[in-house]
Structures are given as C-alpha cells and as structure tokens.
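Each chain gets a letter, A, B, C, D and E, in the order it is written, and its residues are counted from 1.
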Amino acid sequence: MTETAVKRPQLSELGLSTGKRARLQRILYGHGLRNGTAMFLPYDQGLEHGPRDFFDNPAAGDPSYILKLAVEGGFNGVAIQIGLAEKFYWEYAGEVPLLLKLNGRTEIPDASRPRSPRNATVEDAVRLGADAVGYTLYVGSAQQEEDFEAFAEVRRDAERYGLPLVVWSYPRGEAVDAKGGKDSFWAVDYAARTAAELGADVVKVNFPNPSPKEGMRKEYTGQQFTEQEAVNAVVRSAARTPVLLSGGERTGDEGVLEKARQSMEAGALGVIFGRNIWQRPHDESLRFVGRLRELLSKY
Amino acid sequence: MTETAVKRPQLSELGLSTGKRARLQRILYGHGLRNGTAMFLPYDQGLEHGPRDFFDNPAAGDPSYILKLAVEGGFNGVAIQIGLAEKFYWEYAGEVPLLLKLNGRTEIPDASRPRSPRNATVEDAVRLGADAVGYTLYVGSAQQEEDFEAFAEVRRDAERYGLPLVVWSYPRGEAVDAKGGKDSFWAVDYAARTAAELGADVVKVNFPNPSPKEGMRKEYTGQQFTEQEAVNAVVRSAARTPVLLSGGERTGDEGVLEKARQSMEAGALGVIFGRNIWQRPHDESLRFVGRLRELLSKY
Amino acid sequence: MTETAVKRPQLSELGLSTGKRARLQRILYGHGLRNGTAMFLPYDQGLEHGPRDFFDNPAAGDPSYILKLAVEGGFNGVAIQIGLAEKFYWEYAGEVPLLLKLNGRTEIPDASRPRSPRNATVEDAVRLGADAVGYTLYVGSAQQEEDFEAFAEVRRDAERYGLPLVVWSYPRGEAVDAKGGKDSFWAVDYAARTAAELGADVVKVNFPNPSPKEGMRKEYTGQQFTEQEAVNAVVRSAARTPVLLSGGERTGDEGVLEKARQSMEAGALGVIFGRNIWQRPHDESLRFVGRLRELLSKY
Amino acid sequence: MTETAVKRPQLSELGLSTGKRARLQRILYGHGLRNGTAMFLPYDQGLEHGPRDFFDNPAAGDPSYILKLAVEGGFNGVAIQIGLAEKFYWEYAGEVPLLLKLNGRTEIPDASRPRSPRNATVEDAVRLGADAVGYTLYVGSAQQEEDFEAFAEVRRDAERYGLPLVVWSYPRGEAVDAKGGKDSFWAVDYAARTAAELGADVVKVNFPNPSPKEGMRKEYTGQQFTEQEAVNAVVRSAARTPVLLSGGERTGDEGVLEKARQSMEAGALGVIFGRNIWQRPHDESLRFVGRLRELLSKY
Amino acid sequence: MTETAVKRPQLSELGLSTGKRARLQRILYGHGLRNGTAMFLPYDQGLEHGPRDFFDNPAAGDPSYILKLAVEGGFNGVAIQIGLAEKFYWEYAGEVPLLLKLNGRTEIPDASRPRSPRNATVEDAVRLGADAVGYTLYVGSAQQEEDFEAFAEVRRDAERYGLPLVVWSYPRGEAVDAKGGKDSFWAVDYAARTAAELGADVVKVNFPNPSPKEGMRKEYTGQQFTEQEAVNAVVRSAARTPVLLSGGERTGDEGVLEKARQSMEAGALGVIFGRNIWQRPHDESLRFVGRLRELLSKY
C-alpha cells in the first residue's frame, strides 16, 4: 500500500447541494482562519462523560463560558446538544456557527454494544439557525444495524434541508476491542471509510494508532506503518469526505500539536479539540488556540 | 401627531427565536457595514417587469453579474427568485446572504386587483441555505383576503424554520389608486403598519410622498408633513419591525441618497436599492455603492 | 440594448442536482447528435388541437408511428401526454427518452384567460421511466396566479425526484393580445425570462417576431430589431436556462431551417418541432430530420 | 384524410398492468360473447335524467330488475352509481361484472359549463368487487380545467389499484354547441382523442354525426364524410383505447343495430346501450339483446 | 433432475412495468455489449470489507478511479453506496448507469445472524438518476424475518417508482454454514429461487459449488452434479429472474472466465465482478475487461 498524503478536497469537488455548500462556505471561509481549514470546539462531554470533565476547570461547566471562548478563539463552530443550544446559543446566535449534535449518550450503561440515541432532529437544527449537524456512528457495534438505519434517516433530513452532516465515526464494541481497539489504524481507517460510504459530509475520527496488530486482517499486519502513513491512509480512505481529527483526552500540548500537524499534512480539513482546549484556565486556552491557528494558517 | 424619529431597534428587543436571530445577526453583523445597518440588492425585476429593465445595462440581465456585484459591493444580501437561486447562487453560496423571494408576478395581466403568487416555499429557502425569505404583500388589493391567508402560511413556515421574513409591503389596487396612490404617505404608513401587525420581521416600503391628499382620511389631510416627518412616521408605525426603504425606478443619485439619509435619520434599518444600483455601468455601480456605504457607516 | 449572442450553457454551469444532470446528460449526449444540442419531437397536438392536425398525414395519428419516427430520426426525446405514454411507450421504452408532458388542454373552451390543467404528476413520469417532464406556463394570462402556484408544485416535485423540467413558456391572454400578441419579441422575451426566474431547467419558446410594436413599453419600440437580434435577446434573457425553439404550424422548410439556424447562432440548446416534422409522409419527415441533424451537428 | 377502419386492439398491445389486464380479460373473455367484444348495460339515467326515463317501462326503475337483466342477457358488465351498487349488487355479486360509475350529476342545473362531480372513489370500487370504474369527462366545457384535474386523480387511483378506467368522453359546453354540437363528427372525434391522451383504458363515445359543419375547422369542412368514415376516424383517433359506442335515446332498432354494425366494422370494442335495452318490456329487451349478441359474435 | 440450460429471458417476457423496462432497456442495450448481456462493476467493498480491499491497488480506493474505469471499460452499470454516489457520481452522471446499493454493513460485528441495514431508499436512487437499486438479502439468516420484511418495503418502492431491483441473494448464517456453506449448490440454488419468489427483477448469486453434501436434503446428495449442471439449475430456479454471477475474491483469470462462460451457457444475464477487475493495475483491469467483453459478445 502507498502511504502518501492526498490534497484537501475543495468544496466544488464534493457534489454538494447549494445549501450544504453555502453553509460549509460560511463555516470555512466566514469563520476561523477563513482559508478552508477548520477548528471546531466540541462540547458534548457533559452528556457523554458527565460533569467529571469539568473538575479541572469548573468554569468550563458553564456553556456560556464555552460559547464565549468559541467566539473569542475564532472557532469555525461549536458542537453542542439541543438543551444547551436552546438555553445558551441565543446570546451568541450567528457569532459562531452552531453544529448541533443530534445524538448522544451517557457513559453509564454497559458499552459493549453501544448505540447513540437521537436527542434532536435536523429540523431542530434548522430552527435554531445551526450551520451543521453532528451524528455519532458506532462502527462495528453489535447494534450497527439500528445505528445505520437511524443514520440514514438523519442523512436524508440533512439532504432535504441542505445542512452539512458531520459524522463522529467511532469504532466501538466487542469486535473492535478484540481487534486492536478503537484507536487502532485498522479500526479508524474502516470507520473513516464507512462514514464516507454512508454519506457523511465531514467525518471526525480519532488519530489512528498504527501499533496494535492483534486479530487484524493481514493487510494491516503485513507491514509496519508510521503515524504519518496511518493518518495519510485514513484521510485517503475517507474519499473526498473532509476529515476532522479529534483530540480525545487532554494530553501534552506538543503531542497534540504534532498530531494536528501530521493530520494537516495528510490532507485533513482540520481539528476538533475540546478537552485539550477548555480543561485549562481561560488565558491558557486562548494561548493554545493561538498556536493551533498559527498551524492551520499554513494550510 | 408627533413627527420625531425613533431609534433603530436592536435584535435583542425583537422577541426573535434563536434561528431568526442567528440569521439576522449574520446578515447585519457578518456582512455589509457590520454595524447593524443593511443594504440589500433586489433582483426580481426580470420577473416583475420583464427583460426591459436590463436594456440600459444589458450586462445586468445576467444573474451572475448581479451576484458578483453583491459580493464586490459588500451587500448584506441579495433578493432573487427561486429559478435564479437554483442556477446561480451555488457559485456564490455563502459569500453573500441569500434572501429568497417567495412570490412574484409578471406585470402583464390586469393589475387592478393584484396578488403575488407563491413560486417557492420557506423550505426551498432552507434547502438553498438562504438566510431570509421575502414576501410581497399587496395591502389594499381586492384580493387582500387570499393574500393575507397565504402570508400567514409563509409566516408560520418562517417561524418553524427560524428564517427572518422580509415583507415587501406595497399598497396596491383600485382603492389605493383612488386615495393618493401607492406612494402616498397615508398608503405607505398603513402598509408599514400592516406588515408589522401581520408578523413581518423586516418590512420594505417605498419612500412616502406626503403631497397627495385627495380621498384620504382627515388625519392625513389636516396638516402638512415634510418628507422627513413622513418617513419618521412610517418607521414608527412599523413598531419594532426594522424598515428597509426601496429606491424604485432609477432617478438622480443625489435625490436617492438624500432619501436614504432621511430614512436612516428616521431610524430605518437600511435600504434595498436595485435599479438605482445596476441600471448603470459596473464601475459606476460600485461608486454609487461606495457613497451608500459611507452614509450607512454613520448609523 | 446590445444584441449579441451568448454561448450555449454547459451542464456543469447550471447548478443541477446529480439526478437532473444524469438525465440531461443522457438526453443530450446519449441520444440525438450527442454533441449537447437537442432536437425534440413534440406530440401533444392530439390533445391541444384535436385530430385535425393528423388530417394531412393520417398515419401520424398513430402514436406508435410517432415513437418509431422518434427512434428512427434519432431524436433526443419525444414529448407526449400520460395516456399515450401508458399505452405506447412500453414498446419503445428506453430507446428514445420520454419527456412526459404534465399538463395540457383542448382548444375548445374560450381561451381569453387560459390555464393548462395538470393531467399527470412528476411521480407518474418517474414510474414510466421518463427522463424529463414538461409543463405549459401561460405567461400573462389572467389565471397567472393559479398557474404559477401549480407550476411551483411541479417544480418542487421535479427537484425532489431529480427530473429536468422543460417549460413551454407561452405568452397568452387578453393583455398579451393587446400588446403585440403571443409571438411578439416583447412577449417571447418576457416569457423566456419568466421561466428562468421561476425555475425551468429548459425553456421552450416560439420564435420571436420583432415587427409588432403596438402597446409595448418604450424599450421594445425605441429601436428596430432584426430577427437574429430578437432571438439573441430571448436566449440571453433565459439566463442559463437552455432554450428550445418551437416550430409551430407547418410552414416552408427553408424558413423553418433558417429560424433554427438563427436560434443555434443565438446560443439555443436546440429545437422542438412537431407538425413541421410529421405533417408529411414518412420519408419526407426523415429527409427533413436529416437536414436538421446536419444543422445541429455544426453547434 | 383516409377513412379506413383499424383493427380492434388486443389486450396484450395496451401496456396494461397485470391487474388491469386480469380484470379486462375477465370482462371480455369470461362474460358476454367471450370473444373480446363487449356489450355493457349502463344504468345511471336515474341520476342523470331522473325517474322520467323509467316511465315507459316502470319495472326498469328497479335496479334489481336491471341487474337480473344484465345476468340473463349475458352482458359484459353493468354500469351503476355507488348507491345502487351498495344496495343491489350483493345479490348478483360476481355474476355480472360491476362497472362502478364514479361521477354523475342531475340534469337540473344550467348545463352551459358542466362538470360531473365525483360521487365515489376507485377504492369504493375495489371494496365492492367492481371490475372497472367509469368517469364522465366533459370535453370542451368551461370547467375543463377542474374536470381534467379530477380525472387525473381518478386515473392515478385506477392505476394504483389496477382497475380499468372507462371514460364517458362527452363534448359539452357553449363552445361545443357553437361548433356543430355534441354529436358532431368533429366533437366526438376530439373527445375520443382527448380520453386517449389523458389515460382512459376504454372510451365511450356517442355515434358521430358527419352532417354539421358550421363553425368547425377547415379539416372537417373541406370534404364530406359518410357515417362509416366518421366512426372509422373516431375509433382510429382513440389510438389503442378500445371504443364503446353509446346508443343514447331510444330510437328504432334497425337504426341502432346498423350503427352498432358500423362501429364494429370500424374496430370498436363494442356497445354500451341502456335506454334502447330497458325502455321496453322484459322479453323484448332480451330479444333485442339476442340480435346484438348475434352481431357481436361476428367480430 | 434435468440439468439442461435455459434461454436467457427477454425483457418482453418479464411482466415489467414501463419504467422498469425503460431502465433495463437502457442498461442492457444502451451500455455494455448492447446485446442484452450485462457486466456490472460492484464497488461496495469499502463498506463491506473496509479499506483493506484497496491495499493491492491503492488507486482503487478512490471512487473516482472506479467510476472512470466503469466508463472506460464500457460496463452496464456500477454499484455503489449512497455516500459515494452523492460525492462522485455527479462527475459521471449519465455516462454509466448507476445501480444504487440500498443496504450494506461492515464486516466488524459478529456475523452469525447477519442482516444488512438500509442506508438509502429507492427515492434516493430516483433523485440521483440511478437506473436500478440493489439489496442484499441474507437467505437463511436467523434475522431472515426482519430482512424479508425490509425487502418487501424496498420491492414496493421499486415497483412504485419503476426501478429494477437487483438482489444480492446470499445464503448466510449458522444454519447455512452447517449445511455445506454459503457457496454450496444447495444454498445458492435456494437463494436464487428465494429472490425470484420474493420479487427480485435481477438476482446476483455466487457461483454454485456442487461438491459439499454434508447436512443437505437428499435431493442434492442423491446424485453428483457438474459445475455446469449446478449453474444450469441455479439459473433455471431463478424462474425468469435474470441472473448475475459474482466473482467474489480475486482468483486466477482463467478460472474466473471459465465460470463466466459456464454461467452464460446456463442462460445467465451476465456477471458482476469487482475485486477481480480492480484489484490490479489499471491497464491490466482493462485487458481483463476486454476478455470479458469478448466472451459476452457471443451471447
């Protein structure tokens, strides 16, 4: 397999309807670096992990703090659940694009065969003036069938209303755990492709880890891949679906920035970092955002 | 009657839903002067009057020319019919806000009792990524009943999807002609109020002419009004419905600018000038736009 | 006004959805001259005029004869009503593209304020494997309001199903008759623009006659136009809506071919000739088709 | 124009869905002469004309008498309105095919611009076990627009449920009266074609009268036609839509039989005679039916 | 049992609606060999197996490469999932028929009782201008009930819109594994018949392997069958449902061509080969396609 990078796709190449194109144009060229790259601020951890994620910087538990940070930091968009959008977005309406997250779950129940239930509709997103919607797809879960079918309905609604559909494409479930785990190159590569095949407009994946090999098909075990090769492959597998790399748990800034750099080199659209942004004091957040902006300005 | 001006209403005063606010915020602070004033470019004359309006500047018959002019001139939005939006907006999608005009008619049939049929829906506007919709209301027409009922449906759809509804509120019909005509102070004043009462988010009116008196109620004939007093009254009658003043047929620049100034003094949101913009060569259009921008920058 | 020709628009410029593009590609490059021009065979005269149109060549009263002629002549499509499509198209299904005409009327009732009722739906067209649908719009009729509203529904269905919408845009009604008539330059020019503004994918108009001046706006009476200038203007007014020129009643071959040539020079998509094709014996029809093909092959 | 007869179309030529074909097969080969010809008994005169039609043979006012006659006479079907179908068909259900007439009117109101309202649905017909439905289309009426649109709905339902749709195609209205009247060759010819164009599966027309010429287009006045030539033309204009000839008011048996013979010679499917059958005593009815059967057995 | 071949069914024998016939006519006579045989290019392996299938020829991971190959190779159609159709088909719209695959799954979760979830609808296919839809039916799976019911909905939609329905009829599940496996003659024979019984318009099966006998009913174990006899039987069991033979994993060219030859001898419609086509360099792909075309040209 080759491991070269691809070129970041242009909006004009994506077969987008006028509405999807207008909204992505607004997100990518009317906000952030305005150069076609993207930097999103995700803030659904209060649902996905609970308030524990706010213990390091309690101010971040206040959605208003986060929306203000998104405006100050010049993000391309902020991803939140319907309840927070209803109560907090009106104050910042139109100042930063809203990416309404349509499904989500708590981490409390057993997660061996997860599915993320729909908590809002694309019509809710239209009503709130959102510029995009988000959906978490658990690729490989034993509930994959129900998940795909729910996703197909969301895709059709997004098509109907012209809203770009950002897919959190996450390998999950026992079968994934048995084959290298959710961050393994194989799993992330498959997840990126699955989102592309099923109709994502943008796909968000975790940074792929090329180390795990156990239980995988021979194609992934037959040779050793560097991180850059792995992320190159993932972006290529996404096949014209612009790719956002997540940051995941907060880790060291240099490591995060290096992964962001590798992602941009691979042809990614940009990054979607949450905890690495707001699990620190406000000024430090903005300083880190400044470094990210400097990086993205080069692509 | 008092004739003092009112203050231009702020978005936060208008009881707007989050979606309408997000979109108006985008229109008023993400485009144009970005100071809360507005300068729209209307381009439905090809339907309303036919190609004759393009004879003075044939280039203006090309919708692509107009969209480019809207981007270059830094307009807050461009108002077009569905057919042109489908074929031309994709190239400029997201670069200038789209105000989809939902109804419109040709000038050919007898116009003594006009109604403007709906050619597109609010859902079409959502699908195309429009930031607002427009509806022509013929206040006073013998078909007022059907018109109001059609408008009410549009208003409900605009509410449902969170799209601001801009109303072309035009006095029309035999009864209007018999009482000072469609530009008389009385008629424009009544039309502004009617749009406010029926649920416009923004109202577009012609500049009121305080001279005609014949056939009007005594309140309008008992005293003499200056143009400034008339436009003050119209903006006040609109009751928190931000007002856009139309330019109508092309006339002298100084007169147009003076009316724009009076409108802004009266507390209007801004202007919506079409033929006065594009019925002249491209460079002259931009020069005139420059003068308008200079004016609006003061409010 | 300038009177220069425009370039025939390319499919990639039209903002078409994938489905509309696939079907127009099939029509324009999989049939006919396969060079992007079009030659359609209309056959709704049995409804519009009654069987009298078949008296000159009774064989032409048999829809099977016409479908066979469309295949033999290598037409880009044949336009028929639902009843004939149901009973006859199955034998030629897929051999020549079907353009299902959705509305139509008999010439019997008073035609001073005409409207063409819908006899079939876009879904009927999909079900029958049609590649396009056709709608007659009577621009200027006193029933214009109902007509525009019916058209808007058809447009939305065509959008939903991805079928190209061909509009027979015909100036009609008392107001038209009083201003130069249905074939006058002014009326045809306005009709072409109206179809573009309302969302036609292709517009069919009569060849414009620049002679009548009575009752028209000054823009059309202030100068003299040649036929070529008139057809240039009409194609330009259609604004990226590809234009088909009708032939109307059977007239002399040389005159028809000259008008076809002028139309193609003006940037038209092609022609839609019925009676000039089939109101003559079969071999003569094919000979005339051969001359048309020779003409279109040059564009 | 040529005036030769056409061949009666076969079921396999008509592009019929399986359901329509099954039901027509049952009607044409499981009843009547079982040779593909048809003899229907219409009985909607009680609505269309009122009880006056039963004064000559009061027994015929009893629907049970008529249904029994249809069975005894070996008709291919009986055409009745929903009320009679509900109350009387259960006794003869399945013994003679039911053709449920879906629309009908009284003769009481002014008939200068008639339309026949829908009194039952295709779903009613399915529910009652009918093998076909009937619809009266008033070709040329000033209400033609509403009529065509209602017919289109019936056609779609008939398509959906697989029921053959028999159209009573009647020229009517002031414009028809002014051009030779409802039985004139021109009018009947146009009506036959209209039903074919709009999607009738079988069309019922009056026998055409070639004498009137006044007010007609030159094609019908330029030559003299015999009755045989006229009925030949009408059947040919119906273009694969099998034609039933009505009898109309009771007249002399020999004249009726001669018209039936001419119709069959022209390629008609058969006849639909009501008053000529049941406006006489029971035995005479059956004797006349016997003569009709003898005639049809030859085609 | 006899083991003779059957004749490939003609379109006119299949009771097809006009729309299905038009589209199959276009697929079979407007593309490929244009002789009624078919050669499809399936490309859903990115979803079904993940990106690993592209490791041998990374260029094949790019859907645009595949669509271009389908055009260059003169295929009768290309089968892809909705996401790729949305992003890539617009560039090749109408140049090669689109067979939209409506369901699909990843291979990650446990596959002992598989069901393939619906990711797109027949209406999506219509909207995109597809000429056919595809559905994977897992015959014998413990989830067969849900599968059949979902299939029945798809079949009804395909009927409603006139789109041919191609069924990937795959024996699957523990019960199949216990009785000779998914490629055994018994299992493939049963799957072919199942698709025919449930309403497939075309059925795609794996080449049957007559060797396994364990656990099967006596009819399949009582005698020895050759491969030719097995494939003859499978095509016959499909009962007028035209049969496509899959290639499965890439194997030697001679073996693949021999199976294709046996299939065509058996009366199959053609082949649907993916990995055997595109898991090799571009020029080799076209050379192999050339050999396939030569073979199909003889039938």
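The working rule: a contact is a pair of C-beta atoms (placed from the backbone, for glycine too) under 8 Å apart; a residue touches a chain by one contact, two chains touch by 3 or more.
Fair warning: this is a prediction, and the values are worked out from it, not measured in the lab.
Chain pairs D-E and C-E differ in how many C-beta pairs are in contact, and the one with more is C-E.
In terms of residue-numbered contacts, B-C and A-E present the same interface, as over half of their contact pairs agree; the other options in A-B, A-E or A-C do not. Chain B and chain E have Cα centroids lying 57 Å from one another. Once the centre of each chain is set as its mean CA position, chain D and chain E turn out to be 49 Å apart.
Centroid to centroid, with C-alpha atoms defining each point, chain C and chain E lie 40 Å apart. In whole angstrom, the spacing between the mean C-alpha positions of chain C and chain D is 35.
In chain A, the residues that touch at least two other chains are 15, 17-18. By the touch criterion stated above, chain A contacts chain B in their complex at residues 17-26, 29-30, 85-86, 89-90, 93-95, 98, 123, 126-129, 160-162. Interface of chain C with chain B (complex): residues 1-2, 14-15, 139-142, 144-149, 151-152, 155-156, 159, 171, 173, 175-176, 179, 186, 189-190, 193-200, 217, 219-220, 233, 236-237, 239-241.
Against chain C, the residues of chain B that register as touching in their complex are 44, 46-47, 50-52, 54-55, 58, 61-64, 81-84, 86-91, 104-106, 108-110, 115, 117-121, 124. Chain E makes touch with chain D in their complex at residues 15, 17-18.
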